[in-house]
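Following this line, the structures themselves.
Below, chain A partners chain B and then partners chain C, in two separate complexes.
Moving on, here comes the complex of A and B:
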């Protein structure tokens, strides 16, 4: 069973899991701060991928420039998304309405609506079909190590995931804006009372989360070699599953669960047809919700 | 005397409009395309009304409603094509199949609330869609099921435009009437209590778990009926008709119409089916329109076009005298 092919599958699953993790971090950050689900997060991932591919097709710059450009696009997307789909519903600033059910459902639906509009507009502009990434820029060069063959994309994804995870930890625990993000996540009203600009902190959270999502998008586009308008949906849902499994506000938990999901899907392709293994994540979601409603790594939390 | 007749006025007007006026106009226009659009609008009216029963009235945000619609459609299609069951039986059987599916979904997700419930139903919807897509031996997978017979009953051929329209219209009116009676009753009051605060409702002696299961069974029954109508009127179904996008479309309908409002759900369904068709000359912008309408209605009309309060007032004043203030000038509530 543990032959080279199986290990190869595990490696592939691990890199898919890292991608889910990058998306899940953004989800978890936003959920932790606002207690709302950002359904448009998958679209940020898609927009990042498209922005990168458009830049590559036009100018073919080096990878670092592409990533920097995509980060900027992600930041703008996160800012716009917050202004458009979340800010209008934060009419009142007290804690009860910041975390109220009505607010949660209104933003859930508005982010869903924004995600539909963005996806359909991208489909109108670029067409619904898969759009290939120029071959020179694809990160698919094989790297042979012993019996195993990796692709450069896997190393890039791994490197980027580690770098971004470390950067996030630095941002959250070593900078002032990180401190205010943690404060707002803990208690929005209290944070406001001690003089933290809640609005700015929420925007910062969206920008950070969206930058990570957008970078994940372009890396995946280069790794798989194509982009398409609905590419954000499945990874978005799986990242959400990882967040729920990890216990909602725990970023390390979400990362571990995302990697676990990626591995589980890769292993499942050993035993199941492709279509069925896509559904593994949903099965895990239901199992977690039923048996571990507080998540695998989460502390105590409100009733689910 | 007039008090007894008046309550029947509105339902009669609606029934006359749907069963006589609209088909007469459509027949006069002689356009099969317009018939097709109206049939689709009526099927989605059933779907929206049934989702409204779960999401609007009972407050359980469901993101997987298209899956039950799909179960109903596949049940009807398979029964009709492989076993030759007539449509009078396939429609209720499709409803029952979807209701069983709904209860099976509701059982494990019963204790989840708000967003967790929404995501669990999303997951369930994707699992059911994946099953329809991948269980090729049973559902023919992505190839879909062609040649589903149209409506025929007792040698009477109802497969023409007018016949299909009338069958769908009658089923829609019956479904809406049942949902109306359930929504605007003590039973509906219990569901609204569940929506506002399920722990409080529980402590008041409302059996929350049983109620959630029943709500799912009833709403999924009607979603299944809508699926059966869809299968019989289009003659061909494939898993693509029952994706996440359709769930969102139905959700957008009830959000636009007003969560918790039955007339609102019907208005939303008609609007979101007819509007994109009317905009067809501009280009195929169906989902963009849906997204924009949904976004602006949440932003500008959070209560919807025909909000729950207006709907309840309308029902109070126009349907049945039982809700009027009694002789003791005391409101006697909903029956």
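Moving on, here comes the complex of A and C:
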């Protein structure tokens, strides 16, 4: 029996999962290289969304121009973030410091600090309340296919996720910079010894990851029709869960787990109150950590 | 040179101080009566605290100018509760220890108001909340008052309206907190008493912005109507996603969705939403018009229903103070508040029941038409 409502729930869940996946891609890329969580990724996402909305409100350009502008903002944000929160902790280049866990983990807190400051500044400038995206630019128009309802935003987000994923795979496996990113991810010290400019590679990783985060932010803002300063937090946490489930440094793993989480939440809502669907996500995380401590797609695989 | 500068500075300071105290001398005869106001002025609920502060400041300034209380000046003391029950209790203790304070306004949410109420009940300080609508709030002690119709009144009102329009099967979507619980139970009872049926009740966690799964689940039951118990930002997200999912079920809502922000966020998807309200900014009543004009010229925004409730709450408090006179204390203020009857506010005539301290107000019906709230006759 074809149950349209159930299939509709799968569509809903898939689109939520894609939102998580969009964030998880950039998140995982940066984790893969530095082996440390970039807590400011959710704020890059939020800044991308606000930058896009400001441009749309001022000039109402076509979507492509908005995305290009947001990509530029994301690149600057990624560069600045790396410069502020990560680079100062790499100033000692002796072997002990490079291997030091404490040095690396200090960036956990410095990125958290940057994220709090950025969020508070945005709240001061734009206010804490939700701001609408101008209606003409929103991607919320319904698209009816048979009994199922889609929205334009879902197709755009799907397209963007595929493009980002494919683009990143191309970048990582077909280009020179991708090769050095993979080398640094695999063994930063070894990469340094064979003459790879690790500093430049790390900056490049931040720029690429943050461009993806910022684009994800504006697309999701257009899909939901609004922006608010804390918008990066909740999906950021889910993307983090997906990354951990996927094995911390596997991008395909994170994407698959993100979509799985979205579907699980939607299907859970069918049977339980919405409040419980959160428990499903964290329940899966717990099960993964107990039975697959290296994640579902981690372990023996290539890093990144 | 630095020394002479310092001496000159001190002298100037003394002179200025003397001048200030001279100027203050005639005012010394004026007694100062203080009202505490606790509300979320920062954090996620700060937009509500902000409009309370605007309205209360306006009301007190108008009162002091009116000369209704010769021999005393009323001042407001604001404290930021951040919508946190622990902060609310701390503020309550501070207010109780302040001998100038004879009465307290606030807090915003039922949860924080009720936590603070325990302190006020013990110390004997009258508390008047503009928004706490949980049924148990006024039951805490004889010191608690509120200026909002509770869900015990609003739920049956909307239920009767929906049933009268032939909506027999109704689904309810509400936020998962004290207030949301009371929305659901009161509405459900009234619908079932009126011969209708509640097909499903869906609670969502505060902070959730994706209602697609809930809407899909609700639509499966094919109800005649949906009833929403939530605030403007959640409501706007839900209405947008309802349009996108092509769910064309008529929707009713609590008065909490009466806010210009809802239409600004949801745009055309808010059209057709029906809700009850005690305040309409476009009402032709002269009191409402005067308030809306003054508020708008001062704060460059149209007052929301919450702003109006805070304005009335402050004015009810002030009227009670004026009734007792400059000798007012906490006990006499409480007794005067309990006698509030037929107070002509901007949210309709308000009467407090002397026993239960529950307010009675007039509710009006509203519908969003073409991006505007319109009164339904």
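The rule is simple: the second predicted complex is superposed on the first by the 288 of 304 C-alpha atoms of A that agree within 3 Å, B and C clash if a C-alpha of one lies under 4 Å from a C-alpha of the other, contacts with A are read in each partner's own complex, and residues count from 1 in each chain.
Assume a contact is a pair of C-beta atoms (placed from the backbone, for glycine too) under 8 Å apart; a residue touches a chain by one contact, two chains touch by 3 or more.
Quantities reported herein were computed from a predicted structural model and do not represent experimental measurements.
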Here chain A is shared; do chain B and chain C fit on it together or clash? clash
Between chain B (first) and chain C (second), which, if any, makes contact with A:82: first, second, both or neither? neither
Per the contact definition in the header, classify A:112: touching chain B only (first), chain C only (second), both, or neither. first
Is A:43 in contact with chain B, with chain C, with both, or with neither (first, second, both, neither)? neither
Considering only touches as defined above, state whether A:289 meets chain B (first), chain C (second), both or neither. first
A:244 in the overlay: touching chain B, chain C, both, or neither? Say first, second, both or neither. first
Output check: A:132 vs chain B and chain C. Expected answer is one of first, second, both, neither. What do you get? second
Per the contact definition in the header, classify A:278: touching chain B only (first), chain C only (second), both, or neither. both
May I ask you to decide whether A:269 touches chain B, chain C, both, or neither, giving the answer as first, second, both or neither? second
Out of 112-120, 130-138, 238-246 or 346-354, where does chain C collide with chain B after the chain A superposition? 112-120
Residues on chain A in contact with chain B in one complex and with chain C in the other? 273, 275, 278
Looking at the complex, which residues from chain A come into contact with chain B? 37, 85, 88, 101, 104-106, 108-110, 112-114, 116-117, 119-121, 124, 233, 237, 240-241, 244, 273, 275-276, 278-279, 282-283, 285-286, 289-290, 293, 303-304
Which residues of chain C touch chain A once you look at their complex with the stated criterion? 43-44, 46-47, 176, 202-205, 207-210, 212-214, 216-217, 219-220, 233, 236-237, 240-241, 243-246, 261, 264-269
Residues on chain A engaged by chain C in the complex (per definition of touch): 5, 8-9, 12-13, 15-16, 127-130, 132, 135, 140-142, 144, 149, 151, 224-226, 228, 230, 234, 265-266, 269-270, 273-275, 277-278
Using the touch definition from the top, list the residues of chain B that touch chain A in their complex. 61, 108-109, 111-116, 118-120, 122-124, 126-127, 130, 133-134, 244, 248, 251-252, 255, 283, 285, 287-288, 290-292, 294-295, 298-299, 302
